[in-house]
Amino acid sequence: MVIRHETFTVATEDRLQFMDLTKRVRDLLQGHKIKQGLIILNSLHTTTALFINEWQEALLHDVQLLLDRLVEQGNGYRHNDPSYSDCDRSNAASHLRSLLLGRQLSVPVVDGEMSLGTFESIIFAELDGPRERQIQLQILAAKEG
Amino acid sequence: MVIRHETFTVATEDRLQFMDLTKRVRDLLQGHKIKQGLIILNSLHTTTALFINEWQEALLHDVQLLLDRLVEQGNGYRHNDPSYSDCDRSNAASHLRSLLLGRQLSVPVVDGEMSLGTFESIIFAELDGPRERQIQLQILAAKEG
Amino acid sequence: MVIRHETFTVATEDRLQFMDLTKRVRDLLQGHKIKQGLIILNSLHTTTALFINEWQEALLHDVQLLLDRLVEQGNGYRHNDPSYSDCDRSNAASHLRSLLLGRQLSVPVVDGEMSLGTFESIIFAELDGPRERQIQLQILAAKEG
């Protein structure tokens, strides 16, 4: 078995921001010349998320709406309260939103291509930006070439 | 390492429907004669989900109740608004429910059997049916036999 | 490819309880002398969860607050109603909370170390304790040593 690792950086510009990573991950995959395997993507942060769904501006607006409804920004969180927490970012909602969306994806590689449905994209969610973020890519493969 | 792929189809009959895929995945696994390995299941759609929990009619009713409460069907979504989106299915809630439940599972295989707890089943959720849906199965194994 | 499995037990003391498993999983990993690989953790229960986030008492209080808000304990669930269900634990909310948080993690191993961000811990959530719970650890690796 072949195992490869690399870490790449994304720079976000807003407090809450979505980025389509599909092309970037595809380009990284092509550098490894893997035919059959599995890609594992992990965001190494507690206030970000990774998910697969349709990349459409209107829908991503609705994802933000859902996050605002389910996890309100200020709502009596202890993580934002200096008497309970030494975190000064007031980002409890960002942590909780990350839990609901998840921070990891596994994408099979078949005949050199990522196995994604027609409308599926790999989407990174910045939930407490702007920041520089590290995403780790692992590839498991039967062999090279 | 041995890597196998196959895609299978499920046909759903309702707008929201749960299907127990445990036996079907077990049957597919047995065709591959794998003793130790990992199964990765991906639904190739943006309005479906895969999760592991108890297969019980009463509980699945409660899952539907939760989805109805957390992600209401019509609620000002831009994805359902023709001035923002060219999708004519009014299925924003289906996308958002998929995000909460997830669309991927990994199930270890130990001594030829899927490693699931006593009350655990592999459950597919159709969130915008009725449709024909494709699920991709990947198997990673040390070797055959 | 090398594949290893082991199952370990955690004993919980409260109805809802979080446990930091990072050190325990790290210790198990070191027993396997794996340099490059992937750890897959599965909780074999339908009323528990596994997630990665910051281990901080204040934040975990907020996670509990979120679960209480999104999935109320008693709320007309059929799984808790003896006319629909033979489960006498009244734990529908525990099942539903498990769905939102997820029950599985995959953690890459790079140069013998788990790939986790600075603030990331592996957290087990007991959602219907106190109980003894089984967690399955699978390791996929290129080779030993």
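By written order: A, B and C. Residues from 1 in each chain.
Note that in this section a contact is a pair of C-beta atoms (placed from the backbone, for glycine too) under 8 Å apart; a residue touches a chain by one contact, two chains touch by 3 or more.
Keep in mind the model is a prediction, meaning the values are calculated, not measured.
> Given that subunit A is a copy of subunit C, what angle of rotation, in degrees and a multiple of 5, matches their CA positions?
It is a rotation of 120 degrees, to the nearest 5.
> Over half of interface residue numbers shared between subunit A and subunit B means same, under half means different, so which is it?
Both copies, subunit A as well as subunit B, present different residues to each other, with under half of the numbers appearing on both sides.
> Roughly how far is subunit A from subunit B, going centre to centre by Cα mean, in whole Å?
Their C-alpha centroids are separated by 20 Å.
> Among the residues of subunit A, which ones contact at least 2 other chains?
Those would be 1, 70, 100, 102, 106, 140.
> Once bound in the complex, which stretches of subunit C touch subunit B?
Within the complex, subunit C contacts subunit B at residues 1-3, 5, 40, 42-46, 70-71, 75-79, 81, 84-85, 87, 92, 95-96, 98-100, 102-104, 106, 134, 136, 138, 140.
> Given the complex with subunit C, which residues does subunit B contribute to the contact?
Against subunit C, the touching part of subunit B is residues 1, 36-38, 51-54, 56-59, 61-63, 65-66, 70, 100-102, 105-108, 110, 115-120, 140-142.
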